[in-house]
Every structure is written in C-alpha cells, then in structure tokens.
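As structure tokens, here come the structures.
What follows is chain A paired twice: with chain B in the first complex and chain C in the second.
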Partner chain A sequence: MKKKRNNEQETKEAKDEWEGEFIKSKDYTITNYRNQKSHLQFHLTFMSTLVDEQILQQSALPYLLEGDLQTIEDVKELIPLADVDVSNDKTKIEQNLMNGYVMITLENQKDQFAFIGSQKEISRGLTTPEIEFSVIGPKEAFVESIGQNLNLIRKRLPVKELIIEEITLGSLSKTRIAMLYMDGITNEENVNTVRQRLKNVEFDAITDSSYIVQLIADNSNSPFPQLLDSERPDRVAGTLAEGKIAIVVDGSPHVLITPTTLIEFFSSFEDYFLNWILSSFFRLIRVGAVLFSLLITPIYVAVLSYHYELIPIDLLGTLVASRRQIPLPPILEALFLELTIELLREAGARLPTKVGQTIGIVGGIVIGTASVEAGLTSNILLIIVALAALASFTTPVYKMGNTIRFLRFPFLLFAELWGLLGIVYAFCILITHLIRLTSLGRPFLEPLYPPRITDLKDSFIRLPFKFQSKRPLFLRTKKQERYNEKKAKAKIGIDIDE
Partner chain B sequence: MSYRSLCIAMVILFLSGCVDKSIIDDINIQSAVAIDQIEGDPEKIKGMILIQNYLPDQAVENIRFTSTGKIRRDLLLNIQKKSSQPIVVGGLMVTIFGDKISDYGIAEYVDVYMRESSVGTRNYLATSKSSAIGILAGEYGPRGNATYLRNLIEHNIEHRDVPKTNLHIFLRDYYSRGKDPYLPEINGVSKDEVEISGISLFKGDKEIDVLPKNKMFYFKLLVDNYSNGNFLVTLDKHKTAMVKSIKSKRKIKISKDHPNKVTFEIHINGVVTEYTGGKVTEKVSKEIEKELEKKVNDECMKLLTQFQEQQIDPIGIGLAYKANIRGTAKKGKNWIGEEYPTLSFDVKTKIDIRESGVIE
Partner chain C sequence: MPEQPIADKFKISPFLVLYMIMSMQIGIGVLGYQRIIVAEAKNDAWISVLVAGFALQFILWMIYKINETVNGDIVTAHIYVAGNFVGKLLSSIFIIYYFILSLTVQRSYLEVIQVWMFPKMSIFWYTLAYMILCIYIIYGGFRTVVGIAFFGLVLPSYLFPIFGFSLSLGEVNHLLPIFEQSIKDILLGAYKMSLTFIGFEVVLFFYPFIKEPKKSKKWAHLGLLLTTLIYTCIMIITITYFSMDLLAKSIWASLSMWKIVNFPFVERFEYIGIATWSLVILPNICIALWISSRLMKRIFNLQQKKGVIFIAMATLFAINFFPTRVEVNLLNNLTAKAGFVFTFIYIPLLFIAVMIAKKVKKT
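Coming up: the complex of A and B.
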C-alpha cells in the first residue's frame, strides 16, 4: 500500500452521506488520499469484492496522486481509462458502486462525483459447446460474462448495423441484459415488442436466461419453449443476420433467439456446415425420430390393448409370445419402463459425471435385462422404449428434448383410455395448441401453418445456399434479400493455361 | 370455459371405462375357419375354428374347436363356451367352405364378415374339394395351419396362376351386376399336404363348376390385368419349350357398331426358361410365339364358350358391357339370360419373347 492514511473522522463524515446500509458490508471501503501537487484531499469509495485493485493501483491512483488535481473535472483528464464519468446525480451512486465502479469525491466538491470503471472480470475461459456440440465448425461457446459473450457475437458481425441495447433487470440481481438486432434488417415491430416485454419484467433475481424465457414468452403455460436458447456464438450471429433478435443475459452462457418456429428446434447449426443433401437427410431423420419417440410407446399400448387386428400377421407371434408371461397390462408395463428411463435420466443428470456413467450401465443393462427375465416387461417393449428414449435425445435443443419426453405421458394415458382414437385425440390437442402458439406474436408452426412455401427451403430440409437468397418470410424483415442472387451465379474457374 | 373443460375431462375419464378392451394375450384370435354342412340337413352347419397358439420358442401350436350351429354366429357362440379366453374374429386369415355348403350357397356365411369391421382383406376365402374341416385337421408346416394356408394362396396369387381374390373382391363380384365370383379350391392331399386344386366358379353364391388346374393360367389371363405364370409349348416331338410370362395385359374391347362381338386383346411378355431343342434362334422363338399365341387363343376361347353355356360371367364381360353400351344396366333386364348367350368372342393374343436364356 502506498500513502494510505486513515483519518477516522473524515471517513465517518463521508459514510454518513451515503446510505447507511453500505456500512454493514465488510467489502464497503473508503480510503483517503492527498494529492501531492494541490494537497487536495480525496476519497475513493468502492466495493472491494467487485473492484479490480490492479487497475486501481496501476491506472488510477498514481495519476490522481501525482497529477494536478484541482476540480472533479480534472479526474477525467488525469486518468487514462475510458470508463470515467463525472456526475452529480446521487441516485447513481448505489448502482455504480454495485457495478464495480470506484467513486472519487473531492474534499472541496462534495456534491460532484467521478466514477472510474474498474470492474473485476472473473470469467472462465472459452470452452467447447457441451450441449450443442458439433464435430464440424467452430468450437467456441458462450460463457457467463456478458462482455465476453457480446465480444464473441460482435466479432462475427463486425458491422455498424449490429445494435446492442442494454437494460438492467431484477430488483435484487440488477442483471445486465443486452438486446441485439440488425438495424435496417430486423423488423421494427419485433424489436419494439422485445424491448417492451423486457421493460415490463418484474422480478427480483434473474440469474439465468431461462428466467427471461419464462418471463417474456407469449404463453407461459405451454410445455414448448418459445425462445430458442443457444450456446453457440456462430448460431446467434447466423440468426441475427437472418433478422432475428438475440437476448444476452449476464451470468448465463445461453443466449436467447427470438422469434422462432417449431422447426428451428429440430435443426442443428451443424446442418449449415454440411452439404445440403446430407443435412436435409439428417433433419428428416431428426423429425422422424421425434414423431417416433412421441408415438411409438402409445401406439404399442393402444394396439396391444385394443386393436389386435392391426398387427401384421408375422409380428403377431413374436408379440404374443413375448407378452405371454407378463402379468401386467400393456399400460403398466409401458409406464414402468418409461418411468425407469426417466429415473435413469434424472439420476444421470444429478450425479457427478463419473458416477453417472456407472448408473447408465447399471440402469440400462442390469435393470433392463433383469425386468425382462423376471417377467415384468416384454423384451419387445424394452426395445421400443429404449429406442424412443434414444430418439428423443436426437433433438439438437435440449429444452425441446425435455418437452418431447414429457409429452409421451399424456399420449400414453390417452392411448390407454381410448386406444388409437385417444392418440388421434391427443394429437389433435397438440396440433391445436401448436397452431395457437406464437413466438413474439409470430406463428410458431410456420411454415406449416400458416403455409409459407418459400420458407420450407430451410425447415424440414435445407436447400443449398443459392436458394437461400431471401430471408425467412415470417420474420417480416425490412430487407428481404440476403445477397444479390444474380451476382452469386458466377462460378467460373480461371483457365490455368492462359 | 371451466364448465366445458370439466365436461370434456369427465367424458374422457369416465366413458373410457365403457370401452371394450382386448389385450392381445388375453384373447384367442381366430386364424382360420372351416364350415361344413351336416349330411342331410341343409340348415345345420358344423364348423371348426383354428386358433394359433404362439409358444415362447416361436413355435406355433394349432388349437381346434369344433361345434355345430345354425348360422355362423351361432357356431361362434357355441365355441366360446369351450374356450378359456374370449375368441375374437379380427385376425382371420383363411375361411374354407366345404363342398356341400358351397353348392348350397355361401352368401349367408360371408355376411358376418361384411358386418365385422375388424375383418379385412387379409382374410382369404376358399372352397374345399371335400370336407373343409378335414383340411384344417391336418398339420402343415411349423408356422401354424392358418399361416400356411394363407401363404399358399398368397404366393400362388402373386407369382403363379391363381387369379387375385380376397374378401373384398369376392363381395364386389357377388354384389355387382355383370360379374360372378370365383374362389380358389383347396384339396387336402394327405394329413400334411394340401394343394390348390382349381378354381370354383360361382353363379350367385352357389358353386356350379370347378376349373381344373391346367386351365387356371388361361383363366387368370382373362380375369386379371397382370399375370405371372408358366406354360408349356410343344413344337414337335422333341422340342418342348417352357415359357414364363413376366408381364401380361388384357383388354376387353366392345365395338359400339357390333355390340354382339367382344374382343379380348391379350399381350404377354415372356421368357423362355426351358427348351429341349437346343439353341433358341430368332426363328425358333418366332415359332414358339406363334404356337403359344394359337394355344392361348384356343384355350381362352374354350373357357369363354364354356362360361357362356353355363350362363356365368366370372370374367366380368357384363361390367365391360355396362361401361361401353348404354342401357345394359337397366333395371329388370336379364342380361345374363338374354344377351350374354348371343355374344360372340374373339381372342387376339400377342406374345413377345424377350429373352431365351444366357447360354450361347
């Protein structure tokens, strides 16, 4: 420590001026210094847990002590930091102190304060995405710091059109939330809607972006996520360019994208890195897997309980033989296995990784084979349930996978009550719900309903980039064209001999 | 709104108790039925229901229940009393009618299938040469009698010379004016052997004749639009050729100017699979084609005149007539009795031999 002199009397005076609450915290610090040239006394007030003392001691204190400090305005000139502000607004004090600013007050100018931004930035290093991992393509993922996350996005869209608007939400958490959009591309109405909804949020502690999803979603009673969350900066940058809006929440490694459609939840960003034929094929497989996962166990229950005549003759023998020894009706058998799988998943998610693997093996192999051998479940159903669980894990967005797994249970119930008719009924309810669902007021089931044929180019299949010259219709962007289609046609090689 | 959703929830929950469940391992699924007439009493029938019991080691056991009754449902009711689990009809694969009962008329026994929604096209109807119960009493193959009989009929329809038939086709033929039904006839050769012995021809719902095996292919050519089958041609004493038809087409042409003349155009693409006379040259293949065309023409003509004499129309000339000539379908008009016998036929066959083997 340099010339740190503690004058108890002065400290007390200064403390009285600010809210008395601060004094209770141990990290509330006030220090007194005297300028060497003008012999003016000044105080530094800060929260020691939030401030990077290195910045303070290297880039602020030496200049304040040795420079010619006469008025508070001089602080701005003396300190070689960008984030220096002078104000006389007392209401700013608490907020700035809590955001890691150091407040400078001069002895002779008690109603004016200077704030120096010297926040301690503690964030973990960039890691590979864990939920949306892709073999091909960038391996960067968002982290918990908003500054770094914004940097990752801005790096990918280095244009002035990318607008970052910031708002602080949460009466206790004071979470910084940034809304990103492309000026001149993104629909104004959408931007206003998001801004308005964010402003209207009333909540005390917002600790993750999932809070925002639930707070601003159109229908909070829907099991479907209406805002897409991604941990991939490339995906966020790509969708921003399409004309969507991104919401970055401080402290959350997941960035929200809105408005979205249902189909988007089944498209992985890796689809854009692969050839269009391959990615279309994989997308179709994923959509098929979701339907399979949703319907196969209910169909098994319905057919075995009600519609034996639907079973192909060659399959009849296998099914009857496998069920002969089972004392449980199909529904209990199916529920037993489905719940076992859910238990395994929950246990696997809660346990430390290394123990989790053991649980997977114990659960999958031991319980599965044991319950078949004990005659509790038929081996055919075991295969079906395991396949359905596997299929539900193919959805690239984790939250959607959860939704699909949850939806199986109402379907099972209806299958048991009414057979195939019940499944059709449940499906009608599901479709009705999806048709009514909106994301930022834009239809969630687009391009299926309302049918938009041009938007099918990037839905179940992904057509090559040369057909992707227009932005999605449902976003109602200000600029429909992504690039000039005519210019893009040139694909002429240079003749080497010439 | 809450009242409405409450109502819906109540309906879904409480009414579901009324739904009749049939859990697959708690029911006996009928897989084959045989119906015979009791000697001397045309009103009473004797029936056998075959249930396939699937054993854990994938083997199939045939379980048979026999009973007598007056109508088909009566039979089932009596059999239910013998079964440990409810017997359901939806998995039916084959129904066999005995010789006596098909002479007497089978419509009232087919009626039950028309009303039962769970019986579909997978149910094949057949007649038997002698007792139908005798056929089901045998043991054929490890996969169960019903599966065996069904596969027997199915593969003969798809790859051999049995014309396409199933419950729907039978019912359509039976109820449409201008076509008579036909069914394959099964004959139990021994305890573990069955064969398709011909085609039963019906007038209305009564069997009046059986087409022998060697005429089945020509019948199929006339009836089906697509047929697959083998036929033998003898050119001279030492030269015999086996020709396999890979594709055939048939057209019924009725000229509006001469409505009494019906022309059949049959076009067959075939492959020579066997020839005892050595190399099949262009000349030989032309010869085979010519010989075959003659044979097909003759055989088909014979069949057509036979049907005309018997006053039956399994080929559906009446349907073709109805489509081409105005007024055929008028009510009260006895087309079969009045106009059908006056028709004259012409069969024009064209055969293309596409391949004669790879041995050069």
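Coming up: the complex of A and C.
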C-alpha cells in the first residue's frame, strides 16, 4: 500500500468504538485516501491476511480515486465488482472484515459502510484422490476450499434442482458448511433432519468434516461410521442424483454423504465404471475379505485353544509342527502379532512417506521373520495375521477399515473365553448392534434387514444399469424413477437384420 | 382397557411374520426330535411330521381368527371374553409360560454344549452373557427382536444343505414299505411331533405389531409349511441314514449326522454346528422374553425395559436349579406338556369362546 498510515492523527480520528477490539492484531489495517475529483477523504479498513491485494489494487482503488465519489452509494456504481454492499449495520463490521471484506468509510458519512468482497483464495491445485484412488474413471479429488469443492459438484450436476444451503457453524472457527440436495428428488424429511441437526451443533472450532460426522451421527457411541465421507466429486454427484444429501465443510477435502447403509462402505465408486459382472465379483471379494479379516485370527485362537479336533489330521500335523517350539498360548501369540501389525500401521501413518516405506519393509519382513525364528510365533499365524491385515485394507472407505481392524480384538477376547461359542456370541452382539444402528433414522443394515429384495440390486452385487431404473427404496425419494425404462431404446445391431 | 395403538414406526412388514414364526419353531428340537417320533411311527415317521404340520395349519387359522375378531393380541381377546379382571388374570399365566419356555431352551442348549463341547461349561456365566445380549436386543425394540429372528434363521441356513452329506450314505430301503405302521402309531407320532412344532402361536402376542395383518396371513401359513417341509426332509434323511436300533439310542440324531461331514480343512463339523446353533436359539429366547415383558407391560403397566431385566434376573436365578440331566429332562417334559395344553386345548377353547362372545355382543 502506497500511503500506508501516512497520517497518524487522521487515523485516530477515524476510530470508532468498534475498532478497539481489532486494533491489537497486527494484520488489522486502516488506510486513508483522497478522491481526486471531489477531494473527499475516505478510509479503507481490512485484515491484510485475508484480503487479496491484487483485487484491491486493480479493481477497486483506481476507480475510487479517479471516479466521482460523492456519497457512499456511489461506491456501488464505481467499482466493477459483483460483491459490493452498503449498510449502516455496525454488527456486520466484525463478521465482514473477518470474512475478507474491505470496508470503505467516507469522512462525511461515518455511520454508513461499504463492503467490497476481495477474499484471498488460497487453495492447492486439484490432485488425484489418494484414499479412494481408482484406476479407471475421473482423477479429480476435493480440496480444502469450499468454493472449489462446490464448483466440482455443480459442474457435474448443472441443473436448477441442485440446491445448496449454507450455514456457519462453530463459535470460533465460523466454518462455512454447505448442505446439498436435489429438489424434487431427495426426501424432505431427510433434508429437514440434516438441517435441524446441523443447526443444533454447538462447538467452538470445526476444522474438518470429521467433526460434523461425530456431532450429527445418530449414535455417537458406535465404532461404525454412520456418514460416508468421500473425496471424489464423481461419487458425491452420483449419490446426490440417487437422492442422498451431501455436506461440504470448508477446509475439509472430505464431503459427507448421508443417509447411508453398511454395504455402501464396501462399495468402491470404481464399481460403477466396470462391467457389472466384474464389479459384482470384486464386491463379493471385498465382503469376503472383511469377514475373513474379522474372523480368521479369532478362529485360529478358538481352534488351537479348544477345538483342535476340528482340524483334519494332515492339517493338524502342519499346525503342530509350526507351534511345537512356541512357549506362548495361542491368544498371546495372536495378540502379539496383531498388535505388531497395528504398530506398523500406526507408525507408517505417522511417518513421512519415504521413511514409512522403510518401516513397512523393516517391520514386515525383519520383525516377522525374526519372531518366527526366535520361536515367539508360529509362521502359520504370521501368514494368517498378515492376510487378515491385508484383507482389512481392501475396504474402500478408510474409516470402515479402521472399524474392522478394531472389531478383531473383542472377537479375539471372546474366542479365548468360549472358543467357537464365543465367536458366535460376539457375532450376535455385532449383528444386534448393526440392527439397532440407524443413519438419519434410516436402518443401517438395509437391504439386509429390513430385507428389501429390490435394493439388493446394488449391494453385494451390482446389476447392470438397465435394472437400476429405480432409486433405492430406503431413501424414500420423491421421484422413484431414475429414468424411463420404456424410453431407453434397445440396442440395435448394425449388421443384424431382424 | 382399550389397547394403546402402536405407532407405525414400531410395526413390521407382513412378510416378516414368516421369519418370526419359523425362527420361533426351529430351535433346540431340531437337534434330536427324530428319536422320539420314530419310537412311535418307525419308518413312517416322516408321514407323522407331515400330518402334524398340516393339522397345525388349522390351529394357526384359529389364531388369526381370534386376533381378527378382537383386533388385538391375546390380552385383548381375554378381556373381550372374560372381562377386565379375569382377562388379565388369564393373561398373566403366559408371563410364566414364556419365562419357563426361555429357561427350557437356554438350559437344554447348555446341556448340548456340556455334552458335546465343554463338559465343565459354567451355566451361570454363560447364561449371564446370554441374558445381557437378550436385554440389549429387547432394548432395541420389537424391530430389533424381529431382526434377530430374521438373521437367526437366514445366517444358519447354510447348515441345512450340510445334511446332504448324510444323504449320500443313506439307504432308501429304510423308508420302505410305506404305510407299514398303523394309523394309530402315525397319529401318535404326529402328537409327539406337534411339540417340536410349537412356537407359531407367538402370533397371538405380536399381532398388533404387524403393519397390514391381513396380508401377513399367507406368510404365516407359508412359514409353517416351510418348517413342516424342513422337518420332513431332515426326518427322511435321518431314517435313511440310521438303522432303527441305532436311532433309538441317538439322543441328538442331527448332531450325529454332522459327524460324518468332512472338508479338507474341517473334521468334526458338529462343533461348528453347535456353535452356530446359539444363533438359532437366540430368537427363541428373545421372543419369549419379549412376550413375557410385553405382557407385564400390558397387564401391570410395568415398563418393558424394567420387565426384561426382572425376567432376565429370574432366569439367571432359576437356571441354577437344574444342574443335571435329570432335572433338565423334567423341565423339558413340563414345558412340552404346557405347550401342548396351550396349543391344542386352550387355543381352540379360546377360539370358541371368542366366537360365542362375538355372537352375544352382536345381538
């Protein structure tokens, strides 16, 4: 700024009672200028950390200095920016300044303020999705800026039905939160529930969408995530079209989707890019992997602690041979290895990428081999635990993968307590918990329970698009039909005459 | 007392009645009902099963008729027939009946565990764990109970094809000649069989929770039919697999049949079967506990959440009085007799009473 604080005396005169609070902060800036035509003095007040000075220099100041500035209303006409507002509401000052507005006051009209929107938008460029990476399909991922994220979604659904509602939450963070839904498709009741729950949020600093997940979830004492978070704009657009609601939080590269079901957490958006046979196959593999990951170590502990008769004699020989030197009981052996894997995962997640890779190799190969050679664990269990860990990473949604890994430990405990009976008991508790769980009041286990055969078309398997002409039942959408089945013309071969 | 209407969100779809009925019917009995029926009807035992199954369709029809006439559950029916005080008195008998039923199922299952898996299994601790699970389920409301009935039937259904292993070793000649036994023996077998079939009468208690009760009728009858077919299939497989003398000594014939199942990675399949069975009996116990506590609420206005804890604690206390097989058999016989009286004597009587009361009230 050219004439920055050229006249200390004048600045002090311009002060009103509202300034006192800001003046302490270093980035609070007040500058004075004189219009060249009317020789009227005016002040610019702004937070230098929030304002894009380029906009100020190029699109505001020249016009204010050279134009015919008589009253505060002239600012609106002089400045060629869309976001210009004049007000005499003093309560708006703090809020607007903190949102990156520049305030203009004239020396002869001290109770009127003009605000020019000149926010500095710092955002990193679009990158490829890192958690929900897909080989086929779009490679865009959300970033930390709400404007850009909304743009990414709106671009994919350029219709007037897509409604964006905005709300500011957090007494300190003043986080902008947008709720998106399709008018005329999404269930009103769902929209109202989300709106109400967002309004009821009382928290000081909301720095990520994960806060919102925990604050508005139906049951916050459940290890299961009840809102799906995605970093893929295509997934969000796709689910919006299905009739779900998306919540975009400023500063978070993860957009929330609700209501959701358990099975959705095991479907990757890539499934829709692949042929239905392949994607159904991969989904089944993933569901199998989850069950395997959850149950295999507990079964090992149960069988070797209580039911070794269960194992055929040939297999038993192999098992006994590998366990002959082991001094630990199966449960301790399993806990030791499971915890080692968790340590490796935790260390890998906390360390920088390159060091993390080294740790993975050191941990996986060196510790594993060494503990087998030292006779602490059997190599069969090492294989089982490693496979179980691998299987838990196939879950497309990271948060669900964490849940699955956590659930292994209660299962292990009950397996040690009552063998196979204990595993079934733990399973019963798990199922009961899942039956009781809801997402936005909609059953979480749907379409398994309550059983709805039509919704199975996109669950464990994904049927071809020609069978997907109806929206999922559990969303209770206003418009059930996605497209008119009859209008979709049958494919006609060129060289086949019928 | 007019019954409080049940909100729509607590009601279940009509077709779920099928799962409720089937999961209540299939319980501990499947593991060893064959010996008892075969003792009467020999190789024609499967006909007894069919006869009993079809006879029960008639009782089910009566149950629906009672419910439809009074448009409510059994308590409403009792009040309809006998007035408020006597009606409630009659209904409160069923609190005890379902309490004993859940106790019997729980204790019989523990008996199987003690004989086949863990001879020194602590009755108290396992019952405690199971009761905590049941309380957790019933706290979730009726929909959760139905959900458990659903999964308690669907998830263990993989056990059914396992009986196919025994089929490959079966001797079809065991079945022949058909109709060798006298009609009296077949009917006697059918009478014994009806005790295994008991469970469908729970409709009497949760009728007000069905969304469109009229539509649920066909599902209820279908469920009963499916159970009949399952029991018949297992009976036929059992007769072909066992010789009559061996079967007379097999207390848990179904478990014995699982013994021959083997996969490259599983040798003694019955261990898996028994463990899975705890999921099969879970709906039995849960529905019985739910009915008891629901009746408490209807009759004494006791909060259902408190009622469940009360009954669970009573179960935990009472189960210690049946330490050995002798007492368990005693309990089983008592429950079977009570069940027979309830299903085949009480329900037809109630049906007639309701029909008369309807006529009287009309004129």
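Operating definition for what follows: the second predicted complex is superposed on the first by the 484 of 498 C-alpha atoms of A that agree within 3 Å, B and C clash if a C-alpha of one lies under 4 Å from a C-alpha of the other, contacts with A are read in each partner's own complex, and residues count from 1 in each chain.
Convention: a contact is a pair of C-beta atoms (placed from the backbone, for glycine too) under 8 Å apart; a residue touches a chain by one contact, two chains touch by 3 or more.
Not measured: the values here are computed from a predicted model.
Student: Look at where chain B and chain C land on chain A after superposing the complexes, then choose clash or fit.
Tutor: On the superposed model, which is not a single observed complex, chain B and chain C clash.
Student: If you stack the two complexes on chain A, which partner ends up touching A:428: first (chain B), second (chain C), both, or neither?
Tutor: In the superposition, A:428 contacts chain C only.
Student: Does the superposition put A:318 against chain B (first), chain C (second), both, or neither?
Tutor: first
Student: Give one of first, second, both or neither to describe whether A:461 is in contact with chain B, with chain C, with both, or with none.
Tutor: In the superposed model, A:461 contacts neither chain B nor chain C.
Student: In the superposed arrangement, which partner chain does A:419 touch: chain B (first), chain C (second), both, or neither?
Tutor: In the superposed model, A:419 contacts both chain B and chain C.
Student: Looking at the overlay, what does A:215 touch: chain B (first), chain C (second), both, or neither?
Tutor: neither
Student: Tell me the contact category for A:330 with respect to chain B and chain C: first, second, both or neither.
Tutor: It touches chain B, and chain C stays clear.
Student: Between chain B (first) and chain C (second), which does A:304 come into contact with in this model arrangement: first, second, both, or neither?
Tutor: Once the two structures are laid over each other on A, A:304 reaches chain B alone.
Student: Give the one stretch of chain C, out of 61-69, 241-249, 313-321 or 331-339, that collides with chain B after superposing.
Tutor: Clashing stretch of chain C against chain B: 241-249.
Student: Both chain B and chain C touch chain A; at which residues?
Tutor: Residues common to the chain A contacts of chain C and of chain B are 306, 309, 311, 313, 418-419, 425, listed in rising order.
Student: Using the touch definition from the top, list the residues of chain A that touch chain B in their complex.
Tutor: The contact residues of chain A facing chain B are 303-306, 308-309, 311, 313, 316-321, 323-326, 329-330, 414, 417-419, 422, 425.
Student: Spell out the residues on chain C that touch chain A in their complex, using ranges where they run on.
Tutor: For this pair, the touching residues of chain C are 12-13, 16, 113, 117-118, 126, 129-130, 133, 136-137, 140, 143-144, 147-148, 150-151, 262-268, 271-272, 274-276, 278-279, 282.
Student: Considering only the defined contacts, which chain B positions touch chain A in the complex?
Tutor: 12-13, 16, 19, 21-25, 27, 29, 52, 54-58, 60, 88, 90-91, 93, 118-120, 122, 143, 147, 150
Student: Show me the residue ranges of chain A that touch chain C in the complex, using the header's touch definition.
Tutor: Interface residues on chain A, with respect to chain C: 306-307, 309-313, 315, 418-421, 423-425, 427-429, 431-432, 435-436, 445, 449-451.
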